[in-house]
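You will see chain A twice below: alongside chain B first, and alongside chain C after that.
What follows is the complex of A and B.
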């Protein structure tokens, strides 16, 4: 068991990287504390799997260090790092039985047969593979094979960390939820550091205490699911998390705030000061569809918008509004009255985020 | 929808039917025809029933060459299959060297049988051959034309040289089809190199190995040209394999009846052994 620290880590698959685009991972520093349940969330090709393979030692980084409990492990093989990893597609040893598959990592470690039997039966029980233990692994369904794959990762309880690379991709939806719960239970029971790679925000937030969102080879935000939702530190986090994603509107600086077309959005004085001292090529405001205030009639300092479309998604509705030529998504509970043609909307100051070149701009603390 | 019965489609099967009939069934039936008759000339023929079969099955000359044939094919498989696997495992997987290796490996496969026989006949000659003369220079008494053991070794080495590439190339293609993630998982599981071979590479190569074993068995069991050119079946009858015995019988002595009966027995042996290999390998580790 170990805390994992990444220092100045970067990786390029090209032997002679020139620009930033040649890097699958841009330089990053990060700490995964011992015993945490983490998710690594991001779109395909953002460098998630690369990062995971560097942590496990399957890949050697082009620069920087990987430290386990403060000790550099760059030169160590996955065996020496004592890490378990579960891959996206099931890997089973075809000719072995399920029991032998699960026992394989333990036997390679040199455990005696009584211990092996106890551990394998324990894990088979957790994953509900008990009935299949005597079957040849090749005759299993894809679901079961992936469970065996996961079982081989979970069966060793002395590992530094367990890494999951989108392990539930091939699993049936109804089983997915169950297996995620199982993983969480195992995590609570054994207190092992777990890093779970996924591109599914729901999967990430149900599994992990803290989520690292990756984009373009960088970790753009690391925080609890709630933090990612309420205060996205990067426009990508705003857009990627939530359904639908955050509304992002390009704005220009104006005296006392920012604005677009005839809409003026005031900013607190300290943020104004910060904005004035930050050179930015591109300025955006962002607000979650959940946080936009909507009424059928004018109120306070509300803006008037045109209703373009209403989507009924059962428990809630998504309104598409047109505010001075800018499209906005708004999420309304099913009990709310839906405005027809015109809607009056306002943006509560606490939920209105300001982004300079895609990065959240905050008043200096 | 109403189904309209139209049996004209059967005509579409006719070309295949004719092709198979003329390429396989008709020639085989002629052989069957010969095998149950004693034919002296066009007008005098006698039906002899199973007499020829009884005769060939009791012929000690055939027993001897059948035994030799099994030993030969067994040796070929025992040497070429493990050697082919070993070569495939050591071949480079990427870059220019892998292409170079593939080409070098393919060369022996492109050489006609009788040329292979001739190459080795000259190569192994004790007086002028590079191999034969060198061995004798070193003080090793080597003469494939006179010593039974030397003849056998030469015939085997020739086949290994000619055909191991086939096994290696088949295994190589099987190995390339294994996704990297299997090797990664094995590293994570601390599998030894032997375990990787035993539990990942070998099972994944099974299908190509099946093809390799069948091809090498059938080919080596029917071998004719190379030993005929190299040793002529000698010294004595030491390297006279089944098809050479058969040819002597059919063309040399013109015993068409026994030769036909023997051909069919030969065919059935190959069919039976191939079926045994196939069944053994496909059912080996079913539940």
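What follows is the complex of A and C.
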């Protein structure tokens, strides 16, 4: 078991990288603490698979070090690193029984059969595979096979970490629930460092205590699910987390705040001061659809917007509004009255974020 | 064009793949087939397309029997899960290929390809090869090829499943807009209840080769005919609590008792299963008739902007679907509130006895 440190790590698939664009992974320093449950979340092409392959040893980074418990492992093969990996598609020996599949890594280590049996039965119990131990793996369903893949990583006592690469891709939605819960329980029982790579926000935030969101070869935020939702530190996090994502509106600085068209949004004095001293080519405000206040009649100093579209998602609705030429998404609970034609909206100051060149601008703490 | 399936069945190796399916689709409609893996979605679409022949029953297009007519003689397009494109042809030629087969004039081809590509936002990439595009752009290319030839019937077999969920969100929205203006019949297969809701139109729920329920999406969702329909069209799964009604009292699992509200009074005494949607349960009371339950947290699952809270008491487990991020420790004691006017009631055979009243009015 190990903590994993990435030091000045960067990777380019080009032999002669010139600019930042040539890097699949831009220089980063990062620590995955021993025993943590982490996710690496991002869209395809963001560099998350590159990073995972560097940690497991399948890929050698063009610069920087990978350290397990303080020791550099750059030169070590994946086997020597003792990393267990669970891939998108279950990797099982079809002709072997479930028992023999789970026993395989242990027998390779030369454990005696009594120990093998004890370990295999313990893991089968946790994964609820006990009844299937005598079955041939080829007769299992996709989710059972994937549990066997996971089980093979869990039976060994000596693994440094378990890396999951989109492990629930082939599983039906109603079974994903169960496996997600199972994974979480396993992490609580076993105190192993686990890194879960996915493009799915639900899988990431369900599994992980902390999520690294990757975009353009960089980790743009490393935070808890709540932090990613409530205080995205980068516009990409605002966009990528949440369905629909954060509303992002380009604004200009104005006396006392920022604004667009005839809409003026006041800012607290300390944030105004920070803004005045921050040169930025692009300024945006961000607010989540869940946090926009909306009514069907005028209130306080609300802005008037036009209702463009109403999407009924069963137990809530997503309204698309037009506010002075800017499209906004707003989430409305099922019991709320749906405004027709016009809606009055306001942005609570607590949930209105300001971004300078895509990075969250905060008043100095 | 209208499409009708009449008592269609298909059996392969003594296994029933499709059992007695009767369905009918209106011109210009968008129709979702919702079901788990192997529920029969693909089999049903293959019968609609003419890729397979039913063993029993008839397929009618515009009232005309086309049961024996092969796919080549029908005006049908299909988009698959895997992005299928011709790797050596440019995006332009990929989209143009059905038009070339139909010997459309060069000028018409140019016009139609550009129009379709613009709609799907891939016009800038027309000269590239498919493999030089992102997954989303490759799937858009496959979709453009299906759309370009003005097919009367377009079948989508889980077309977004291999894409990032953000891309899925965007393409789903585009599909709604795209089909709002067309006159063809679109049929879209998915395993995800939330995708069916987002796409709207009609929804047909399939299970083990049989049609469980079919109708306008909102109606199927709000008035599931059976426990099975409610379970299959609910993500996270609908909560089902065994209970009984006797006199003026309802009891859950023989342990939690509450006074009957006006909605439930027409139902006779007996054993029932009570369904409550995870999104209807809350952490704060919202009505006088809310049933308050003391529970402990089993697990808080957090999606980016929502929380699925699994809780239990000594008698049953329930799931809450809450907006926002809520973090709880395992075994934390909390109180939850079930609005009793939002209960679904199913009889012992699993048939719907009553759907929540407020909704009934709205759907009708």
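To be clear about the criterion, the second predicted complex is superposed on the first by the 346 of 365 C-alpha atoms of A that agree within 3 Å, B and C clash if a C-alpha of one lies under 4 Å from a C-alpha of the other, contacts with A are read in each partner's own complex, and residues count from 1 in each chain.
Just so it is clear, contacts are C-beta pairs under 8 Å (C-beta built on N, C-alpha and C of every residue); 3 or more make two chains touch, one makes a residue touch a chain.
These numbers were taken from a predicted model, which means no experiment stands behind them.
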item	value
Contacts of A:225 with chain B and chain C, given as first, second, both or neither	second
A:108 touches, of chain B and chain C: first, second, both or neither?	first
Chain B versus chain C as contact partner of A:245, first or second or both or neither	second
Chain A residues touched by each partner, larger count belonging to chain B or chain C	C
Which of chain B and chain C A:351 touches, first, second, both or neither	neither
Touched partner set for A:180, first chain B, second chain C, both or neither	second
Which superposed partner A:45 touches (first chain B, second chain C, both, neither)	second
Chain B and chain C footprints on chain A, overlapping residues	none
Chain A-facing residues of chain B, complex	179, 181-182, 184-185, 187-192, 195, 199-200, 202-204, 285-287
Chain B partner contacts - residues on chain A that touch it in the complex	53, 56, 58, 77-79, 83-85, 87-89, 91, 93-96, 104-105, 108-109, 135-136, 139, 149, 152-153
Contact set on chain C toward chain A in their complex	36-37, 134-135, 164-167, 169, 191-194, 197-198, 200, 218, 221-222, 235-237, 277, 279-280, 286, 299, 301-305, 308, 310, 321, 323-325, 327, 330
Chain C contact footprint on chain A (complex, rising order)	43-45, 142, 172-174, 177, 180-181, 184, 188, 199-202, 205-206, 224-226, 228-230, 239-245, 288, 290, 311-316, 331, 333-335
